[in-house]
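Structures for review follow.
In what follows, chain A forms one complex with chain B and a second complex with chain C.
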Partner chain A sequence: MWLPSYATPSERMMRILVVVFAILVMLFLIAPLFIIVPLSFSKDPFFTLPVREYSLRWYADLFGNPRWMEAMVNSGIAAVLTTIFATTLGTLAALGIARPDFPARRFVMALLISPMIVPIVIVAVGSYLFFGQFGLTNTRAGLVFAHTALATPFVVITVTATLSTYDTNLTRAANSLGASGLSAFFRVTLPNILPGVISGAIFAFATSFDEVVVALFLTAAEQRTLPVQMFSGIRDQINPTIMAAATMLLALSILLFAALTILTRKKAR
Partner chain B sequence: MTALQDRTSATGKPDDALVRFTEVKKSYDGIQYVVKDLNLDVAKGEFLTMLGPSGSGKTTTLMMLGGFERPTLGHILLDGKPVEKLPPEKRNIGFVFQNYALFPHMTVAENVAFPLRYRGIRGDAAREKVKRALGRVSLEAMGDRKPAQLSGGQQQRVALARALVFEPSLVLMDEPLGALDKQLRERMQIEIKHLQTSLGITMVYVTHDQSEALTMSDRIAVFHDGRIQQLADPKTLYNAPENRFVAGFIGENNTMACSLMGRETGLAVVKMADGSTLKASDTVLSADADLTLSVRPENIMLAGDQTPPGMNLFSGIATDVFFLGDHMRLSVEAFGGQTVTARIPIAVARTFAPGETVHLACMAADCRLLEG
Partner chain C sequence: MTASPDIERIRTFVAVRRAARPARRAAFSLALPLVAFLLIAFVAPILYLLVTAVDNPETKTVLPQTLTALESWDGASTPEEAVFAALAADLKIAQENSTAALVGKRLNYEISGMRSKVLAASRMVAGMDAGPYREAFLDQSDLWAAPETWAVIQRNGASLTPYYLLTAVDLKQSPTGGLERVQPDQAIFLTILGRTLLVAGMVTAFTLILGYPVAYVLTIAPKTIAAVMMLMVLLPLWTSLLVRTTAWVVLLQSDGVINSILMTLHLTAEKVQLIFTRVGTVTAMTHIQLPFTILPIYSVMRSIQPTQLRAARSLGAGPTSAFWRIYAPQTLPGVVAGCLMTFILSLGYYITPALVGGPQDQMVSNFISTYINRDLNWGLAAALGVVLLIVTLAIYGLFLRLVGADKIKLG
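On to the complex of A and B.
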């Protein structure tokens, strides 16, 4: 980072320019996010910067409004259920693929992570038409299933990454000492791949909690999630309550990211 | 000695076999066989080592016995019962892995207690057994540590304690000392051998280190190319290798192409590449096969006035001379371009200049004829 004492003035100049440029890029990336935060604390019903007077009135509105509260609860339920299903399925898939005798590994892996690559609108339309056949549109189950399909690839990827450093002889040792498959998994394999499983679960939760396109297609008023509520809120009447909801979402994302960072740092140690 | 005779050689009775491989073959892809036609008995209480280079099939054989691989064909009997389809957790075999495979999230004591839970041993009885097992490997004080806090040698002992704590009749080891430094490895060899004899357990040990095999084993099976090349006790293996591979793999051997000319007074007379003749112990039956004369460097001496009559005499041109403390390593070119290495004790050595002609001698009994 710092230049040696014999650096020429032009080298020093270059270094300063690089640092300034890097700071500008970072601002470009995150500034839009942090515009939201002061706006959510503004007393004005209009989006004006700089904020003239601060208040918590939009937060009061957010937590006092049954529609917002219902949306938050809906999002929470969908995200928790998605996390449970996606983590279970993704971990099982990763374990299967990691077996040395697994056939067509690359192909199956590509298939498993395809929901991440396919444009989200296509997933949404596809789910809408497909789930319609089974009466799953406008149900919470339909939403959870679609979100599980979107979230599972994250779990597959994180668990596969952890398994690449997992010593399969540990499982063999557990077997040789008397543990059958399931017992060996819960007592030896799972504790050792837990960081990957938890990272995957965090990604799965965030995927479901933030997701708006599939939710727009698959939910009716009763299952409306927080992002859907925000989206329709923007269309109907622009109101800083959305900024308060967005700030809450941002805080949650930062929290999840922090948890992930701590987890990966522990693993590296 | 044939494989059939060996079945009974360790303890005298064929029924003593704890493990019996019959016509076992293993292929991963259906085309190439990693293990071809394996017939092997392991007697109760025996220390049997499977020795061979990597890819020789020794580890695959061990994995089949442990239950981690299934034989493609053939049968494996454990204590008289077929076990090909039995999963590892039902075999009651102790297994020590190359990298120890200690459970990193458990303490040393928890690691050792792990197999006891599956055998219905809990509470004080389990604690007592763990204490005794750790005591056997001198690690009583380390019970509360995590494996990562132990040295390599200590981890290796924990793995040993864990494999022995449930008193299995058979313990398998897959190159367990490979990661340790030389001194520690030699100490552990002796410790493992002591444990094996004092507990009376049967051990099947895999290694590619011949000195390790010679130190510890009752019998050694030399693996190469998916087959047992020779199965014998260490002394026989060293002194009477049956084929060229074993001669080259166990210890050091000079191997030279030759052909059989005839026999006289119980010795074989062979013609070397340059036309000179040597006498060798007569171990080969067929005269047509390509033959190899093998003689160990320590059995070649300097020829002089005191050399007794009847010895093989030959001369060569010195190419390399190395001083190695207790002996000198002298390489000469003899028999028309073949390199012959001799180990000359320092007490009888002199200085050699490269290019000088050196006269050497060896006893006919130390020269062995091998096919191939």
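On to the complex of A and C.
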């Protein structure tokens, strides 16, 4: 299988070993993610497999607890606002960078990507100290501000990637046919790069919704997000309600990932 | 006379640049909102952190009269009454404004025991109407007689201090102003930095060993199988880091899944301690970083022509030699990109060591958080941040040189 006809027996053996090894690594990648799902449906409050009896009690716990519900709503609001700001700013910047006359492209690109690179604790502590000067700690505005900075690199990367396959002559054609700059953008450019923009938006949403460390530093009880609630829970005493929350987050990730995969497949066609 | 061709060329160049200026400006103006936003919301907080690492306001604001009085001090003996009187005046004000603890805590970093002495002294002078103060202070503690104490107070009159940054690399200023190593029992920060680099290095090595064959199999597998495999690589990347860490907390627990499997298979008679260990931390981090290493390697491997290997073989190279001499060198750019990315990201880990690691596995990030939240020592937290940032940016610079920011792809 998958080998040229001139392969020696030892080469075939080697190939089989490599494939088996890769399968084991794949298992290592995937299995830990799904271990939490059966545990969240277990009736017992401890974490052993196989599950003896299934129940929805931890989900009832999760949805019946106002603290968890509030945390979910807070996360949702912060993520939606972050998505709107990051997508707008990131798409605009990508449009500029994709132009051939963009000055100091390498430097600007390095700056725009750096929120992905700088250790998250440095961003969190810096924001905590700096935003504190303006009363932005323990506010939703401060959290959205910091999350937007963290999310923009994803939008810049995805939109720049889409723009590299976009034919700028289309914009020129629209302009020569009398469309204004804005109208050409909304009616010609945007529909063409939409998959990239939406991918970026999905990434931005996921970045904010999953982010723990900055939220840990910048929020008080009222703005507490779902990941912060989970983190504090695990630190205290890990309980199966956290498994239910983790399973919900996993389901959301799979949903977003599926949306993205369908989107990029369409683009490839 | 006509201008020389060189000058003519320069003139043309300048004219072309000038003509292109409006276009450059238009292109940049599109990126301007994001650049400006990042400067405010991202760069400014980091710069503020850098300033916090050298900021030294306590002594200057709480003991201004003392610092003035110390200007005429000889630096070698116990100061005269005038200095003690100035200190008493400062501490009386400090006692009223409750700022004595502030300066006490700051001086305590450099002279242990100073915090309680300053607090006791400020309570003492609050009850005194007039001097002489020198005797009273000297009765209270020998620390007030030591010239070193006054040297430290004097030195901290400066609004900037190297103290936190030096501490973050296990150095301190000697009384004479030179640099020296701190006592071995206090020298913990280079160990922590070394540990952070070691863990990041181990994680990078493991992701490479595990990821390289996976990337290779991705390139040779039939299309549908490769697509399924790709989903399996990308899905963990999409899953929240906290969820993946939670999964490892559950797996590694003493009563957790891995231990119950080991016991069922009779591989161990007793429960193995996995959570709160280095093994657990590195395993979880390797799991989380694996996709970051695989993807760049895969994208380079995909572009290598399989016919090259065939050519090598037909020219007499054995399979091993063909792999190492023809295939592996060409995958190097991907290996460098993937490993540097994983190394950079591993340096900044916080959540996973905090939840899966033990006290001996805490990285620089965890100490930064502890100094902010528990010890309220912002200066030291900021200084550790500066050290971590410098190391990270140095490797990011290497990444930019060798790979380039525009090569970062998301799946």
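One rule holds in what follows: the second predicted complex is superposed on the first by the 253 of 269 C-alpha atoms of A that agree within 3 Å, B and C clash if a C-alpha of one lies under 4 Å from a C-alpha of the other, contacts with A are read in each partner's own complex, and residues count from 1 in each chain.
We take it that a residue touches a chain if its C-beta (ideal position, glycine included) is under 8 Å from a C-beta of that chain, and two chains touch if they have at least 3 such contacts.
Everything quoted here is computed from the prediction, not taken from an experiment.
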item	value
Which of chain B and chain C A:Phe102 touches, first, second, both or neither	second
Which partner reaches more residues of chain A (counting touched residues only), chain B or chain C	C
Partner chain(s) touched by A:Phe257 [first = chain B, second = chain C, both, neither]	second
Partner chain(s) touched by A:Ser176 [first = chain B, second = chain C, both, neither]	first
Which superposed partner A:Tyr166 touches (first chain B, second chain C, both, neither)	neither
First, second, both or neither for A:Phe63, with chain B first and chain C second	neither
First (chain B), second (chain C), both or neither touched by A:Asn192	first
Chain A positions touched by chain B in one structure and by chain C in the second	none
Chain A-touching residues of chain B, taken from the complex the two chains share	66-68, 87-89, 91-95, 97-99, 101-105, 114-115, 117-119, 162-163, 166
List of chain A residues in touch with chain B within their complex	167, 169-170, 172-180, 183-184, 187-188, 191-192
Touch list for chain C against partner chain A, complex	20, 23-24, 26-35, 37-38, 41-46, 48-49, 52, 210-211, 213-214, 216-217, 220-222, 229, 231-236, 238-251, 253, 255-257, 260, 287, 290-291, 310, 313, 319, 344-345, 347-348, 350-351, 354-355, 364-365, 368-369, 372, 378, 381-382, 385, 388-389, 392-393, 396, 400, 404-406, 408-411
Residues on chain A engaged by chain C in the complex (per definition of touch)	2, 4, 6-8, 10-11, 14, 18-19, 21-22, 25-26, 28-30, 32-33, 35-36, 39, 46-49, 89-90, 92-93, 95-97, 99, 101-103, 106, 108-131, 133, 145-146, 148-149, 152, 154, 156-158, 160-161, 199, 203, 206, 209-210, 212-213, 217, 227, 230-231, 234-235, 238, 242-243, 246, 249-250, 253-254, 256-257, 260-261, 264
